[in-house]
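Heads up: the structure comes next, in structure tokens.
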Amino acid sequence: MAKTIGILTGGGDCPGLNAVIRGVVKGALLHRNWQVIGIEDGFDGLLDETKIRPLGLDDVRGILPRGGTILGTTNKGTPFSRVIEKDGKKEIVDVSDEVVRTVRKKGIDAIVVVGGEGSLAIALQLMQKGIPVVGVPKTIDNDLMETDVTFGYNTALETATDALDKLHSTAESHHRVMVMEVMGRYAGWIALESGISGGADVILILEIPFTIVKICQAIDQRRRRGSRFSILVAAEGAFPSGGDRVVKSGASAGQPVERLGGIGDYVAARIATCLDMDTRVTVLGHLQRGGSPSTFDRCLGSRFGIKALELIEAEAYGQMACLRGTKIRSVPIEQAIRELKLVNPHGEMVRAAEELGIMVGR
Amino acid sequence: MAKTIGILTGGGDCPGLNAVIRGVVKGALLHRNWQVIGIEDGFDGLLDETKIRPLGLDDVRGILPRGGTILGTTNKGTPFSRVIEKDGKKEIVDVSDEVVRTVRKKGIDAIVVVGGEGSLAIALQLMQKGIPVVGVPKTIDNDLMETDVTFGYNTALETATDALDKLHSTAESHHRVMVMEVMGRYAGWIALESGISGGADVILILEIPFTIVKICQAIDQRRRRGSRFSILVAAEGAFPSGGDRVVKSGASAGQPVERLGGIGDYVAARIATCLDMDTRVTVLGHLQRGGSPSTFDRCLGSRFGIKALELIEAEAYGQMACLRGTKIRSVPIEQAIRELKLVNPHGEMVRAAEELGIMVGR
Amino acid sequence: MAKTIGILTGGGDCPGLNAVIRGVVKGALLHRNWQVIGIEDGFDGLLDETKIRPLGLDDVRGILPRGGTILGTTNKGTPFSRVIEKDGKKEIVDVSDEVVRTVRKKGIDAIVVVGGEGSLAIALQLMQKGIPVVGVPKTIDNDLMETDVTFGYNTALETATDALDKLHSTAESHHRVMVMEVMGRYAGWIALESGISGGADVILILEIPFTIVKICQAIDQRRRRGSRFSILVAAEGAFPSGGDRVVKSGASAGQPVERLGGIGDYVAARIATCLDMDTRVTVLGHLQRGGSPSTFDRCLGSRFGIKALELIEAEAYGQMACLRGTKIRSVPIEQAIRELKLVNPHGEMVRAAEELGIMVGR
Amino acid sequence: MAKTIGILTGGGDCPGLNAVIRGVVKGALLHRNWQVIGIEDGFDGLLDETKIRPLGLDDVRGILPRGGTILGTTNKGTPFSRVIEKDGKKEIVDVSDEVVRTVRKKGIDAIVVVGGEGSLAIALQLMQKGIPVVGVPKTIDNDLMETDVTFGYNTALETATDALDKLHSTAESHHRVMVMEVMGRYAGWIALESGISGGADVILILEIPFTIVKICQAIDQRRRRGSRFSILVAAEGAFPSGGDRVVKSGASAGQPVERLGGIGDYVAARIATCLDMDTRVTVLGHLQRGGSPSTFDRCLGSRFGIKALELIEAEAYGQMACLRGTKIRSVPIEQAIRELKLVNPHGEMVRAAEELGIMVGR
């Protein structure tokens, strides 16, 4: 039966989103004779009809190698409440009926929600309002349960590892400590895996608190053994044992200017003081979200897009596409968002890192 | 108990081999107080004591981002027989006792064999001669059973997909058919996955024979719909329905010069004749084996190296490290080399490709 | 005075063309209040009004990092004659008046012709018909006189050098001769400079004919000194002393299938026979024209685009933008296309290559 | 006449240094029968005989694609004075005679000094002490007079432009201001050229002071015209009109921890406050010095290495190799280091940037 399906991308952007969109559009139009409707700027689009438009083959031409998402995205969260100014006061209004009306009006039979934990939770709320939904997992941080991995993470790793390679070549020529700050506020996967692949000496992640003294000891030991340099990778979310979290790089609207610099600057400054060595900081920031998606992410995103169509075909609403080994499978969204997938401080990856001579926090 | 372990890399080279070697050396020296002995040029090294040398931390410094293998490799196969010239005649002599003697003499307790199907089969022969062996799977072609994937394949895919991206930008400016020949004499994985990720229009692999007429029809249909170009990815091993295999690019020693060009040239020439369109051929050749390993391959290789040590520690000889989902596991080598892992012509990957509008042979 | 200017890109495509187009559009619209009209598919567009369309800021958004040309291009040559079928016979008709009429009709005051030697020659013919023209040099082969270099060449070099790096890592692990065929039918710059930068052992270019015997001697000498491999870079146009040119890779429409393979295959086959060594061939082909333009090419293309506007402003018609040292200058087109800029067989670059131990033809 | 020449690399490291070293070693050993002696860690090596060692062909094998310098480098400045602790007090001692003695003792006929302004000034001091010297210019910042450009700069540009490409793809998906801090404490070339090539909206360099208000106006104007994002590139040395310089990222040994963050953090925080927009900061830091040198830098470095030999051959001491257009020439070192080459605030490059719609400070 011919269907009209909507698609939206939510949360932080991620290389591979365009591969999913393209997969959904091609699979729907070329093989199923379905219509696809693009909803712009995440769930925001559901509240603004000007952000809802049909997607054709021309719209997805040439987007496979492009980062970002042609649909735009936001981090604003639920579309069911809206802030309204009334008599000079701000009021939160429930607009969920309006959302449902818009979806019905546009003739949308089901929505493909491409997003992380937050967006998938909202997808379930849409389900509860009677809007059929299927999920496609997206997280650059690799912190989503129930899928081996998702697209975006591999591209972010490539960017971080490439940066470590570059720091190596310059670090070797001087006597210095190089600190690289990578994404990972809630999970340390990027720091851990890029640290292993980029030959870091120290990896700092939030799952394993660190102490500056021990880091300095490790660097000092390397120095005595003749190593002219040390390289640290620090996830944004890393923090000292018993210490406060350090605020992130960049500034959010409204944040006071008083405190600049993130965990990278913090660690670099401490080490410089403690060891009397020069330190240099690199903050990758949004570089990690950018760039052309890697092969892995393009292929996985494309396969997830096709899987989303198959889930709709089977009316397996509330399910999310996932990767298990080499297979594309599905799981209930509910199950996938129960908790974040953190690095196991005593798992195989951390042990492997330690056997390779890397200090991982502690 | 302190051990002395040997390591050798066999078969075609592959990005990530150095990560394995480094993992084995670091894990053995830093954490186990074992010795590591490098055996050069694959199994050849077992017949030539000058090719056997201790590996220290200095030997593996800086090799993580480097392609190839610091130990060298050969494709020559079994070390148990040697060709000897005697009275002007060539004779094959069994030298397996000599191999065993050398291994004993060097005090090697177990050997880590890093290789594909062929090398792992020889590893089992070493086992039968009483030499303890553990395996680390290696295949750029992704054609080994019992592991989701192995290192090298991901890097090869990146090279092939990057090349397709480049061809796209130039193809779009002209009215042309671009043919790219990739590795894959015995399995079509590289062509299939890079074709999906690089947005190819036609993918030719040996698992699904093709007919020139149908390819030309597909290209012609695109032309009529306004597409100025078409891009084909052909695995070396692809061949026409009912037709002969086309010989490979390059030339082996002793091969007659009469027949040049591979499947790429063949297909390009046929299409040019059939459709009266310009065609251009790119033969990636050994580019696909080269270059700095991707993050994925470095991390997987490193973890496999550590796993090999754990297998030796557990005296789980005859086992091979493998990847299952996100876990490093092991399987009997015997089980892994029973048959090649081919693309399933009716599997999810091929179907996904077809849903994306790609013609996959046939 | 407000002007309406046309822009077209002619000849083979080249990374950086979009930078020129973007520069012309931005400089014209943002700072001069001029109109820009895009002419598609090179000079062909002058014969087909449907291929002539205004270019706005939206048209050039996001094109800076993209290879190819948003205007398309052809290699077909002059627009002043057209082949017409009349009574079953083909006839060449002079349509130059029609071209002039179209330009006048569209209100085009001057045309920016972005092209190589061939396209610039046609630009001069337009001048003779009374159409004001300025030139922007474009040649991936670096064979244009009167400009130090032009955009596209640097990107092509990066692709070729990156490929040589990859071949190195795999060549080192085996005992082999790797042959890489690069562009350069009429000038050997790409082979020469990428060969120097990629550490080739032998470079073959048309400016310095080679003999197979001497190549084999050089490889054999390396082999005896312990080098396990040799790497050759061959420009398409290279040919043996006293020998015939070898035909190119790929096939033009109508070309007989009988002869496949280019100079790379030829040399590889000869060496395999002569030295009894394995050889492998990589044919970069159109990879060299593709991909995102390098920084150098984007910046130079952008500056050339702005210079073209300044030339029109100064009514310096018949002039071509050029690079002299770090300066953007201009020269008469006529002067630039008098002859091709070839590699000087006795110049500094070839001597430098030879001092670095590279055999350059001969 | 056979000579023994020394070579040292001074100042910050730079991609392409290994190309120079390799060029000097190959050209000396293969073609001139000279000896080459490597002096480690810049001028420091002249005070420590253990840092002086012969360089052979094996030492330079495989170093062409590697960043950094196999000889190491320091930023410490003149080797002619040394700090000595005597009776608990620090004293500066003139050790220039010792340096001269060491050079004589090692039989060094002339030294190739590869360095920037600072190292070349010291080279002239060596000359005054009677040690023949030739110079090879090196500056990642492109701020050296008398050469069109030198190696390292092009690679740094590629890194910065690639980063801008990545930021673009993620910026487009959100409503945000992205700030990227690049090298350039004393000259703004990297920010200017990467900003042009990477399509930045605002470029901040020290040659043209900026005001936050005007930046905010420009961003706001873009926002009103519908652009969802803006991208700023800030050179480390950029500073507000009438304002103080902002301290650099990272920390030098002994520097107080009180003040973290550099110009990037500063600008991002101000804009966030002023426009109530989210901002994100990326600090490239030493990434820009790292990585495999680009083709341009490898080729130029190699040619400079050969030129240095020719200068020694001609006994043109006190001269420095340089690039003029496409030619390798030489100039007196003295002339090259008289002043820094700054961006001309009213020159062609800045004007081109402005015509492309970029705000360059002011």
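By letter and in written order, the chains are A, B, C and D; residue numbering begins at 1 in each of them.
Just so it is clear, contacts are C-beta pairs under 8 Å (C-beta built on N, C-alpha and C of every residue); 3 or more make two chains touch, one makes a residue touch a chain.
Predicted model only: the values in this text are computed from it and were never measured.
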item: Given subunit B and subunit C, the chains that contact each of them; value: none
item: Interchain centroid distance [CA atoms averaged], subunit B/subunit D, Å; value: 40
item: Euclidean distance of C-alpha centroids - subunit A vs subunit D, Å; value: 35
item: Whole-Å gap separating subunit C and subunit D, where each centre is the average of the chain's CA atoms; value: 31
item: Subunit B, residues touching no fewer than two other chains; value: 165, 168, 172, 292
item: Pairwise chain contacts under the document criterion; value: A-B, A-D, B-C, C-D
item: Touching residues (chain side subunit B, partner subunit C) in the complex; value: 12-13, 15, 17, 66-69, 72-75, 159, 162-163, 165-174, 178-179, 228, 249-255, 257, 260-261, 265-266, 268-270, 272-273, 275-287, 289-292
item: Contact set on subunit B toward subunit A in their complex; value: 22-23, 26-27, 30-31, 62, 64-65, 148-149, 154, 157-158, 160-161, 165, 168, 172, 193-194, 196-199, 292, 294-296, 298-299, 302-303, 306, 309, 324-328, 348-349, 351-352, 354-357
